[in-house]
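Chains: A, B, C, D and E, in written order; residue numbering restarts at 1 for each.
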Amino acid sequence: MDILSLFVVVPVLIVLALSFFAKDLKQARLISVVGMGIQFAMSINLIFAYLKERAVNTGIMVFTKDVVWYETFNIHYSIGVDAISVVMIALTAVVLLAGIFISWKIDDLPKEFFISLIALSSGVFGFFISTDLFTMFVFYEIAVIPMYLLIGIWGSGPKEHSAMKLTLMLMGASAVLSVGILGIYFNSNADGGALTFNIFEIAQVNIPEAAQNIFFPLTFIGFAVIGALFPFHTWSPSGHASAPTAVSMLHAGVLMKLGGYGVFRIAMYLLPVGALNWSDFFLVLAAFGVIYGAFGAIMQKDLKYVNAYASVSHLSLVLFALLMYNKTAWTGAIIQSLSHGLLTAMFFALIGMVYGRTHTREITKLGGIMKVLPFIGAIYVITGLAYLGLPGFSGFVAEMTIFVGAFQHPDMFRRILTIVVVSSIVVTAVYILRMVGKIMMGPLSNEEYKDLPKATWFEKTGLILLLIPVVMIGVLPLGLSEMLKESIQPFLERLL
Amino acid sequence: MNLESFLLMRSEIGLLAILILLIIFEIFSNKKQKAAVIPFALVLLAINTALGFLPLASGELFGGMFKTNALLYFFKTTLSLGVLILLLQSADWLKEKVVDENKASEFFMLIISSLLGTYFMISAGDFLMFYLGLELATLPVAALVAYDTYKRVSAEGAVKYILSSALASGAALFGISLLYATTGTIYFDSMAEILTSSNLSILAFVFFFSGLAFKISLAPFHFWTADVYEGAPINVASYLSVISKGAAALILMILLFTVFKPLIEVWHKIIYIVIIATMFIGNLFAIRQQNLKRFLAYSSIAQAGFILLGLMSVDNLGTATIVYFVAVYIFSNLGAFGVVQAISSFSNKENINDYEGLYRTNPKLSLLMMLALFSLAGIPPLAGFFGKFFLYTAAASQGYYILVFIAVVNATISLYYYLLVVRAMFLRQSDTAIPYFRSPVYMRLGLILAAIGILVAGVYSPIYDYIFSISNTFLN
Amino acid sequence: METIIFYILVAIIILFAVASVTSRKILRAVIYLLFVLIGIAGLYFLVDYNFLAAIQLTVYGGGIIVLFIFAVLLIHHVELELEKTALKKKLIAGALSAAGLAVTLWAISTYPFPVTDTYTSIEVADIGLLLLSYEDGGFILPFEVISVLLVAVMIGAIVIAKGKKLTENN
Amino acid sequence: MIAGISIYDILTLTSILFFIGVYGFFTRENLITVLMSVELILNASAVNFVLINTYLYPDLLQGAVFSIFIIALAAAETALAIAIIINLYKLIYSVEVKDTETMKY
Amino acid sequence: MDFSYTILIPLIPLALFLILGLFSKKIPASISGWLGSLGLGTSFALSLYTAYHYFMDGKLEGVYQTFIYKQTWLVFTDKLHIDLGVMVDPISVMMMVVVTSVSFMVHLYSRGYMHGDDGYTRFFSYLALFSFSMLGLVMATNLFQMYIFWELVGASSFLLIGYYYTKPSAVAAAKKAFIVTRFADLGFLIGILLISYYTGTFDFQDLTSQEGMLIAGWGASASFMGLSVFTWGLILIYMGGVGKSAMLPFHIWLPDAMEGPTPVSALIHAATMVVAGVYLVARLFPAFYFVDGGFALQVVAYVGAISSLVAALIAITQTDIKRILAFSTMSQIGYMMLALGVSKYEGHEGLGYMASMFHLFTHAMFKALLFLGAGSVIHAVHSNYMKDMGSLRKYMPITHITFLIAALSIAGFPGFAGFFSKDEILVAAFENNKLIYYSSVLVAGLTAFYMFRLYFNIFWGEDRKYKHTPHESPLSMTIPLIFLAFMSIAGGYIPFSQFVTADLMPFEAHLNIPLAAIASSVGIIGIIIAFIFYKKPSELSKKFSNAFGVIYTFIYNKLYFDELYLFVTKKILFGIVAFSASWFDKNVVDGSMIGIGNVTVSVANKIKGMQSGKLQDYAMSFVGGIVVIAMVVFYIWIN
């Protein structure tokens, strides 16, 4: 078994182990935490293995493997990673492990909860390692569908409605995406070769411009919906608000990144001409989404809604950066994906902890929580500051890289858009501080909150797991950004 | 004609033998032994199915009236396997309700004879055999629909079915007669050579097509479906939705790809419209159903629309994707119907509402139901996903992207109503949930077989590759 | 002469067909149907398909019509009048049938049928041989199939008929 | 071959017969009469086969044989249909079309 | 010469922050205070050593050299990258001394002031964080590093203002400070983007070098609304400075920021962070001066002048002693700004630059002293309001004397530090811009007046009925007062023009006696008026203020700036933009997505009648289907 396939196999094995051996919550979480711990260790190992391999391997992807799956369609199980996938895998592993810690006390159907969560993760891991369109699409859908159960069974509030909306919008998008993928597939022999789903083989082909113009928007929208592109983002606030903590974490932290990743890896790479032709249109949407999401977050009353709109804003920024076709902006986009993944996961974890204790997420009802929950409060403030782009945390590095990169575009229109987008940092500060100030600071809003239980060890572990990479990226970004840039280069060359 | 070539009809002879054995059994068994017919028939059919995995040569018999080739043979085996699963799932129902009324062996006889008709229909080399096969496949089922003789809905359903199908076969027959008028032959091969596009041949085709469309339940020829499924015993509805629909889809494809190839311009347009209408109608009606049989009826209508996508690609690809999808669809639908059957025979409950909280009492059944529904909806890594995706591929290969787009939109709508059932089973909790029960062994076997099909048929690619490799056996 | 007979037969067929589908007295409708069938048998005689005509008369006249009559008698009094069909339904049905007929006739009329002068009369023996021949053009296989079919239908009919008369349900 | 009568006349006749059957199927209020309309439809096709065979393709007897099978089949179908209708009658004491509408939407 | 050890100056506070922050629960208060003070003391000592070392040996052929030690931190493009490092040049060395000295004093002082507070250790960790950030800012080698630390000081300011986080007003003030400066920083960031896009560098040396793209190439750059984009870039960068230094119109956060503990106000909102804007302009001075004929510098000058005047006027009317000091700070920073604004580049021409830096230095000392003194007073009477104070000289002699020294210094009383630095500013203004000069002289008088209004109200006047008899603060608090008092006098005698100049070449600066006389007499007049009004309780001031009526109210309410901002943010941004965004999202965007679903379901309900359950309807649709398909096909066929 190769180093990459294990990322899919291990979750599957854990799912099997869970379904056959887990009897109660204790066993279920033990199996999950051990399994995901292994997965996490594997992802750390992968980073080093990648760096080692990269030194001797100059291919776009390393650790490649190719097994014919459906011969007639030329579908292969072909895998490989570059720096981008590696960091995404690491992100997934971290968030997942943290999520399992956060779900330590899940009481309703614990076994099923962990099964769904881990099944979902296998899709995510598979998605990040695939280099075959079809395989990738398969994993993509595997990653989306367990969300329905996760939100629907373990969620709160109008969970059925939210779960349905989320699932349908995402699956609708993936349906659109499938048309795009077919379009790419049937144009992959434009230069006279065989039809193929292999991304890197298609990249050798110049798909006719007319086809690109049709299939780029399909592919782009297909992926961008999960990346919360305006106006297809509305599944995200209600979905996140209803989802249980770990699921919100995983979804906002990892799943929404599939969108940007897909756009980058497929839509832009395979349909470069279409991408250029459509870029202005989507750029305006993305820029609008940045500002719009930020303003949307200001007026929300529910903490999770605030965070969900914040995610819309931050992920639109990712799409915005991707549409800039610039190495720096792209690096920024990927760092932003990472950073947002970690930070938003932290936020959801914290919100979950507050909610678990106070049983409310209404900003107006909460206040002065820091006094009674100092650890959670402190981390909340730190997360907030990191989220609004304070230097020393990953968010700053990501945003600055995007802004500087985007501003390097020679086109005036894009630079003006960049300035518009930059101004979102103020709005971000407003809603973050409003939230932090209201719920963590100020006088205690309710006497009943006086004796809230302090953070437990597993909650602390989960949070610290997430905080460490945030600080690491924030303090020492150079290695990461150089590693990413190297991998971005071939993709950029395709566009320019 | 020697014995060896005669054995080309091995599948049919097998079924005929089973039929005769069953009749003999019925005649010579006393009242107490009647119940033994269930294992007896199952074993016989299992043997016949197992024999179906032995290779068989291609060839023609009776002056071209009977054809067989690897694809047809594969398909027959699949159908046989489907019927076996279906009978396993019905065994419990038969034991409890039917044996008492002393008509269990007749049930088998009717199913087997209908299956035999299906075989002859798809193996037909001329319109007469086709027509007889069609009727042989249809008429026993009409009797089966009425099998719940004490239920009004069953009787009503049977009436609707027999009369509607009489009209449909009348229309098809009229179409065949007009085709005969334009070509002077009832043999497929010679007709394919002679047939040209003319007003009359088109009209004849439309008449003929309506008859098959009726069997496949394509809009606007589908209306009987929901009522008949609802009225019929669950296993009969299941039979209608998988076996007769699948076989009809196959023979429609064969005829369109061979006999009606000269009319390809015309039937492509017709199919295009029909696909869209069928998918929308099936989906929109399915959304608001409460009765699961009715629900699955509409779902199967929508699925029929998907099957037809493969027709847009008149080549290996189209053939293979259709056959593959039908095979996958058989497993998925049998899974879904099997669960409905299991629950209905335990609790007599068939409504979606009744399924609320099912997961907490019967996790395995709920899980299988979810797998089956997700497979129907086309969620990976279940077989249905591959089936659907390949059908899209087939349609897209001819540039019908808009059609594919409409199809994916419909797939999303269909996901909605499949999720409604999942919602009831998993998300809801209910005090009146169906309590835990353990299904009898036949039922479990039937369900497990269906589950294996759902899980394996997609991921395990050699199945599709095999189908593809044999799918050109009837195309030139 | 043949022409005249043909037209008489046509008149019989169409008139009684119409009567058969409109008559409100059910038994009369059955009898009208019988006349239609006889008219069709007449057509067969006219083209010298005597064997077919005979089958038509025996199977239809002797079998099916009797079956109908039995059914009617089982269910109704002989004089029972059927309910009147709503006019709207009639109009829609009529319009639809007329439209279908128009399309069909138009399609037929635009088709250039070849005219052949060859004429062969057929013997019962020919048909018998054909039915039992397994060579090219033989019909032994359909013959076998239809026998299975008849058995199956018979079983089906018996099974349905032997269902208990339940008084407790409905 | 009937002197003075062309194939078009024959086909017109059978078409009319077919659509009379269809009309009957649409309008009859009684299941048995509906079944009778089906007989007209089937007969139209049977006549078609026979006369087309005679008029156009007299070399082979495909049409004629086909119509024999149609007649046999019609008989079988009718028998089964009547059994089913009587079965319904046993349950609800009616064979009206409008009494078969409990399942809808 | 090797100055690489200067890196330790910021790193020591950073280490302190990490230790105190991570183990804030574990470390007892007794240790953390000492630890902090010790650390900052070390930094201070290092800074002093650096200053000595640099100003003695740092010259090469009469020009101060710049020493840079840096490490690449993040690479953006081939040209643009962020380095982190230290830059040792006259102003950074001076700022190091200012920051570490005041910080050290504040640390010492806080040990007494914060005694017994719950978050004692947390407080010291924040202070350490701030010191680190501020030092990083002043030692920045490039624009982006400065921006990074600029943000960090903003955040530590946020934390420190909101230190009493259970107090809603403190939280509000912290938020306000952060958001207002953040908005200003937006300008800074865009300015950086603009400048770096056209020049391809962030580096201060490249940006300020005469041959650099910015100065040599501005003429060739694109222009926008008649001004070079470089000018726009500089103005935007200056916007960041305006925000941080609380100039008009971004000054509104500063008075509110007084909600923080008083030592914090002394450190951040008087001596160090708020002068970052001045420092920023000084850092980029050549660029400001040369690009577009110094247009951006004019902006700096006028913003400074107006701010200083307005702030002085408002200060007269306030009653909260910390707010008075806050407005005073604003006014004095305006002074520094205008000094920079009127300065030229070379030699004696660059007097304004030198004066600005000089004033920055002396101001840091006496303003820190004023705040710490005020803190001492507040500590004693537990109130911020003048009405609760009076005759405190009897109870708090040391505080009284040191406060008086500081007040005299800020009022420009001859012989005190403020006198010298202010005089240089007035000279520079007089030489370059008369209008600004007159306004500055007026401000000098106003300053003296409000300072002594404050002084007399606190230490003289009526003896209030104190609940607890006020007593002198402990030694830990008075020692810093004494040190700073010393500096408030002695600071003026440092020959600044020898050390800090625009073109890095020392020059001789002389006291301009006539101008000094005018200024100090204006100041003395202010003191005398204050003496008359407030030495003894009298109705005079009240009558006087009543005489101004509306104008007084207008000024008392700080020109209604707060209300204006509140209107813009609450009503327009929140009420209209954000509200309509969320409404739009919920009803239109989400509504249309849900609408698709609802339409589908309602269509499904509408068409249910098709499935009527009637056999004959089905038959009709069957035949109808045939006919329609046939007709459609024929229609296509015929055409």
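Convention: a residue touches a chain if its C-beta (ideal position, glycine included) is under 8 Å from a C-beta of that chain, and two chains touch if they have at least 3 such contacts.
Here the structure is a predicted model, which means the values were calculated and not measured.
Identification of common neighbours of subunit B and subunit E yields A, C, D. Leaving out only subunit D, the chains are still linked to one another by touching in one piece. Farthest chain from subunit D (centres taken as the mean of C-alpha atoms): E.
For subunit A, the chain with the farthest CA centroid is C.
Legend note: the chain whose CA centroid lies nearest the centroid of all displayed protein CA atoms is A. Comparing the chain pairs C-D and B-C, the larger number of C-beta pairs in contact belongs to C-D.
Separating the centre of subunit A from that of subunit C, both taken as means of CA atoms, is a distance of 69 Å.
Between subunit A and subunit B the centroid-to-centroid distance comes to 42 Å (mean Cα coordinates, whole Å).
Centroids of subunit C and subunit E (each the mean of its C-alpha atoms) stand 101 Å apart. Taking each chain's centre as the average of its CA atoms, subunit A and subunit E sit 37 Å apart. Of all residues in subunit B, those touching 2 or more other chains are 128, 132, 135, 139, 142-143, 146, 149-152, 158-160, 163, 167, 171, 178, 181, 199, 202-203, 226-227, 288, 416, listed in ascending order.
Across the assembly, subunit E contributes residues 597, 608, 611, 613, 615-616, 619-620, 623-624, 626, 630, 634 that each touch 2 or more other chains. With touch defined as above, residues shared between interfaces to two or more other chains in subunit D number as follows: 7, 11, 18, 21-22, 25-27, 34-35, 56-57, 60, 62, 65, 69, 73, 76-77, 80, 83-85, 87, 91-92, 100, 102-105. Going by the touch rule set out above, the chain pairs that meet are A-B, A-E, B-C, B-D, B-E, C-D, C-E, D-E. Taken together, the subunit B residues at the contact with subunit D in this complex read 127-128, 131-132, 135, 139, 142-143, 146, 149-153, 155-160, 162-163, 166-167, 169-171, 173-174, 176-178, 180-181, 184-186, 226-227, 230-231, 288, 294. Residues 89, 92-93, 96-97, 99-100, 103, 107 of subunit C are the ones touching subunit E in the complex. On the subunit B side of its complex with subunit A, the touching residues are 317, 320, 360, 374, 379-381, 385, 389-390, 392-393, 396-397, 399, 401, 404-405, 408-409, 411-412, 415-416, 419, 422-423, 426-427, 461, 464-465, 468. The touching residues of subunit E, counted against subunit B in their complex, run 597, 600-601, 603-605, 607-608, 610-611, 613, 615, 617-619, 621-626, 628-630, 632-634, 636-637. Touching subunit B in their complex are the following residues of subunit D: 7, 11, 14, 18, 21-22, 25, 31, 34-35, 38, 41-42, 44-45, 48-49, 52-53, 56-57, 60, 62-63, 65-66, 69-70, 73, 76-77, 80-81, 83-85, 87-88, 91-92, 100, 102-105.
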